[in-house]
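Look at the two complexes coming up: chain A is in both, with chain B in one and chain C in the other.
Here is the complex of A and B:
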C-alpha cells in the first residue's frame, strides 16, 4: 500500500511523513523519541504545547501535539517547559476575595485585555474574559469559565503583560471549591456517622460472610432506579 | 474527518431506532451468562497471552507476556556501578511517582511531620490520574452506605478482593471527598450544595461524583498545586524516574537510584521509607491493544518492587475499558468516559440495535462488545480496518435536556470536535481498550507491603479490586491508599535506623535469572515505550 506522504518541518528540519498523523506521531515517525513534550497523549495534561506556522501565513498558530493533525509544509516546535511563576501561598491562609487574589498575583492588574491569551488557548477557553472577571473579583465566574484549563501554559507564553493566567485560574478555582461552593449536608452527615462507627458492625458482618452468601446478596441486591 | 458514507448508513439506522430505544431497557446479564461471556471473549482468558514467571517470590504466577518479560528483566545497574556513600538527597519519605496516589502520599507524609521527595519520570502530574474522566465513588447519600458500596466492589471484583482493603476503601471514601473539597476541588453540585451523583457500571446506588468529565484532572491539578504550597517540605524532582530500589544491610528498603532521564546521570536518594506509586503498565500494550494510559505507564514500580521481594497479586487480570475510541484513527484507544453510559447513552451495533445492558461491569461490557464485533459480525468497520460499535451519545441530551452533553462531557465534546464529530448530534464509534491493571503489589490496609520500609498505593497495588475494578474506584483508591501510605510511611520513618546502603540484591537477582536460564533479558524498567519508526 502506498502511503500519502507530506513534508513537514520539525524545528526547521524537513521530514517526510504519512499524512493524517498527529504532530506527536509525526515527530515519532520522523525518529524523535520524546521525553519532553509528551504526557497523557490524550489532550488532558498539557505537556505537548506546540507552536506552528503554515506557508503563506505570517501568524503563529498553537495546538496540542497529540490532538493536532499535521498540515503539509507546516513548521513546528514544541514548548518543552515554561518557567511560569506560581506564587507562594497556602490556601488555608487566604480568603475568597479580590484582595486575596490581587495580593497573591499583583500582576493581575497589568492585564491589557488584548485577547492574545484567548487566541492561544487550545481548549478554546476565553482566557481574556476570565482575566476580566478576576480583575472584578468574581472568583466564581473565573472558576467556572477556566474549568477546562489543562495548564499547558500557551496563554502564558504569549502574554505581553507577562501574566500566568493558568495559575491565577487555579487559585480562583481552589478558593471557590474550598470557600464559596455551597456545602453538601449529606456528606458532612455521612462523615460524622462514619467517625461515630455507625457502619462498623454492618461492614464487619459483611466481611464475615462466605463467598456463596455474599454472592447471593449481590445477585439479589436492589438497584436504585434512574 | 467526519464519518464515512458507509458509517453514515449505519448511523441512520441508529437514529431510526433511537426513539424506541429510549423506552427499551436491555436486560442485565444473568450471573451464569456473565461467566460464560468472560471466559469466551475477555482478553484475560486468552491462554496464549499469559505465561508464568520463573523467578522471584511469586514465581509460578501468571501474567501477560509483555509484563513477564520486564519482570524477568535485568537491572540497569550492578552493585558496583555506583558509590552509594555519595548521597545526593537524604529524606524521610521518598515517593516514587507523582500522580494522584504519590501526591496524596507526599501531602500526608508532610502532615505527619516528615520531609518528602516526589520523584517523577516526566512532569509532576503526568499520570493516569489526570486522564480519569468519569468520577469517584463514595457512599455519602441517604439510601446508600459503605456496606452497600462494599457489596458492589466485591461483586464487581468477582469476590476475589481482599476484604480488609475493600473495607477501608469504602469507609474512607466520604472522608476523602471532604478532604478534596477542603483542598478546593470543585465537584459537580446542585445549587443547594448536594453533590451530583450518577450510576456507573456495576453500581447499585448513584454514588459517582464528578467534576464535569475532567474529574481526574481536577483532582490532580489540585493535589499538585497543594504540593507546590510546601516547597521546603516536599521536594519535587521531575524527569527523574527510579531505576532501582536501594536496600540497606538490615534488609530494609532505603531509597532509590534515580536516573536523570535527560543527561543520564544517576542520583542516589536515601530515604527512611519509600512509597511506590508508579501506576500501571498500559504502555506495554498487552496483546497489542491500544491503551488509554499516559506515556510513562510502563510497569516500572512492579519491576522494582519484585526485585526486593514484594509479593504480587492478580497480575493475570487487566482491565479493558469497554469504550475506547475506535474512530477517528488519530485518537484510537483513547478513553470515552463511562460517564456517557452513566448519563444514559446506549451501546448499539451496526443495525442500530442494543445488544448489552449499558452498565454491566467493565469486564462483561467489554466482552459483549468484542463478541458483537468478532463473533456476530455486527460491528462497524473503519477505513483503517478497525471495527467498533456505536455509543449513542445524542440520547443524553434527549433524556436530560439540551445542553447536558456540553456541560457534563466537555472533554469528550472537544476531543471529537477536533475531528469534526459533534457528539451531541452523532454517536461515537468505540471498541475496548487497555485501561487498567487490576492487580499489582500485595498491599495491607495501611499501605505497607511485606518488605520493610516499602509502601505502595494506587494502580500499582493489587487486592482491593479483586479481578475487576468498578468505575470510580480508582480515583478513590489513589486518594484513600495514597493518604494511608503517606501517613504510615511518615510515622515509620521517624523510627527507622538505616544501615549501610547496598545494591547487592541486584546481583543476586541477576544470578537468579542466570540460574533458571533466562537468556538476554531486557533491561528493565523500560521507562518509556519506543514509538519511533524503525530507522535505517
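Here is the complex of A and C:
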C-alpha cells in the first residue's frame, strides 16, 4: 500500500502522518488519545480549537482540529480551554442595556478595537465589530452578529485587552432572548395544550404497549417533509 | 424641502447611541431639514474616547484608524457629532498624515493602506462652512427670539489648537453665530472655553462641581437662561453636577444645558418629542416654552 506521507509538528514534535487527514485524525494517528480538545467532531462544538503556522507565513492561523486539513510542515497546538473571566449573573436582575453589560463585564471598556480577535475567529465572525456594538449598547446587534459563536475562546486567547468576547456575546444573546426577541406564540399555545391534558390519553395508552409495538409505531411515524 | 442636497458620511459615536441620544436624533432631523444627508458609516467602532499622549502608544490608534479607513472608502470627508470623537479622530488622522513611522506601523497592523487623506469635520463646522449660517437663518421657522443663550465649547474643538481648532481657540464664535442665526441672543461670558472637569467627575465630585459651578454661574451672571453646547461629556457634567452645586452653594438656581442641535431642531420647527428630554437633569422644556409656538 502506498500513501503520501507528510511531516507535521504537534506541540513541537515531528510526526509523519498520511496526507489529507484532519488535524484531529492526524493527532490520533500520531498516537494521541484525545480526552480533551475533542467533542462533536463535526465542527459545531468548538472544543478542538487549534492554532498553527505554516512555513513561509508569519501569520498565526486558526481552525477547528476536526475540520482543518493538515498541511506539510505545519506547527500546531491545541487550545482546548482558555481561562477567561466568567461573571455570575441572574438574567432576572439585568435589563438589555449597555449598563447591564458593562456592569457584568467592566473590562468591556478596555477594548481598543484593534481587531486581533476578528483574525482569530474560526467561525469568521467579526468579533471586533460586535464588541463595538456592545460598547454602544446595541444588544440585538451583538446577538445577531455573534450567533455562530461556538465559544472556543480563541478570541479571548489573543486579546491584548484581556477581554472575554465570547462571554460578553453570550450574555447579549441571553439578554436578547429573554427581553428583546419576539415571543414564540405557538410555543406558549402548545405548553398550554400540554398542561390542559391534550396528550395525556395518548401517553397513557403508549405506556401500556410492549417494545415490539412501540418499535413498529416509531418506524411508521409521520415524518415532517424536508 | 431643500433642493441643494449635501451628502456626507457620518460618525455618530457610542455616546450618541447611549447617554446622548437626544443629540443624535435632533442632529439627524435638523440635518435633513437643512438638506444635508448624513450617511452613517455602515460599520464603525469606538473612537477610543481619548487620544493617547504617549508618543509610542500606537495600539490605541488602531481603533480610530480603522474608523478613518472605513470613512475614506465612502468619500473624502467625515462629519462627526461628538466632539470627543472629533478630537480623537482628527488627531489620529493628523498623526497618520504627518508621522511616517506611525503611518507605516498602523497600516501594517490594521492591514490597510491609508494615507490620512480624509477631512475630519465637526458637524458644527459643516453647518458653518458648507451649509452656511445664513442659509440656516433663512430656514428657521420658529425663531428663538428673546432667548438668552450661553454658547459653551469645552475643550475638544479648541485644544490643542494646532491640531483640532477650526475657530479662534481663545475666542470661538461658531456656536455663538449659530445661536444668532436661530434668533437667540448669545451672551458674552469668560468661561465658554474653560474645561468642565471632564473625567474628573469620576474621581472627584468636589472638583467637578466647582469647575462646573464657575462656568454655570458666570453664564448666569451675564444673563443666560440656558447653556448650548456641542459636547456630550460637557453636557453631562454641566447638567448633572447642578444637584451637587445646589448642596454646596446655597441659593443656587439651576439652568438647563442643551445640545445646540436640540435648539436648532426647535428653531427649524421640527417635532422635538424624540429629543430625549427625559435624560436632562435640569428639564429644559420650561425655558423653551418662552419661545413662540410655530
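Following the convention adopted for this analysis, the second predicted complex is superposed on the first by the 183 of 226 C-alpha atoms of A that agree within 3 Å, B and C clash if a C-alpha of one lies under 4 Å from a C-alpha of the other, contacts with A are read in each partner's own complex, and residues count from 1 in each chain.
One rule holds for everything that comes next: a residue touches a chain if its C-beta (ideal position, glycine included) is under 8 Å from a C-beta of that chain, and two chains touch if they have at least 3 such contacts.
Just so it is clear, the structure is predicted and the values come from calculations on it, not from any experiment.
Touch criterion met: A:160 reaches chain C, while chain B stays clear of it. Of the two partner chains placed by superposition, only chain C is touched by A:128; chain B is not. Once chain A of one complex is fitted onto chain A of the other, the partner contacts of A:54 are absent, as it touches neither chain B nor chain C.
In the superposition on chain A, the chain among chain B and chain C reaching more residues of chain A is B.
Residue contacts after overlaying the shared chain place A:5 against neither chain B nor chain C.
Residue contacts after overlaying the shared chain place A:16 against neither chain B nor chain C. Applying the stated contact rule after C-alpha superposition, one finds that A:138 touches chain C and leaves chain B untouched. In the overlay built on the shared chain, the residue A:182 is in contact with chain B alone; chain C does not reach it.
Of the residues of chain A, not a single one touches chain B in one of the two structures and chain C in the other. Partner chain B is touched in their complex by these residues of chain A: 20-22, 25, 28-36, 38-45, 47, 67-69, 86, 88-91, 123-124, 143, 147-148, 150-151, 170, 173-178, 181-188, 190-191, 194, 199, 202-203, 206-207, 211, 214-215, 217-219, 221-224, 226.
Against chain A, the residues of chain C that register as touching in their complex are 14, 17-18, 43-46, 48, 59-60, 62-63, 66, 109-110.
The residues of chain B lying in touch with chain A in their complex are 1, 31, 122-123, 125-126, 128, 130-131, 139-148, 150-152, 154-155, 159, 163-164, 167, 170-171, 174-175, 177-178, 181-187, 189, 191-195, 199, 204-206, 211-212, 214, 216-218, 221-222, 225-226, 228-231, 239, 261-262, 292, 294-295, 329-331, 334-335, 344, 410-411, 414-415, 418, 528, 530-533, 535. Interface of chain A with chain C (complex): residues 98, 111-115, 126, 128-129, 131-132, 135-138, 160.
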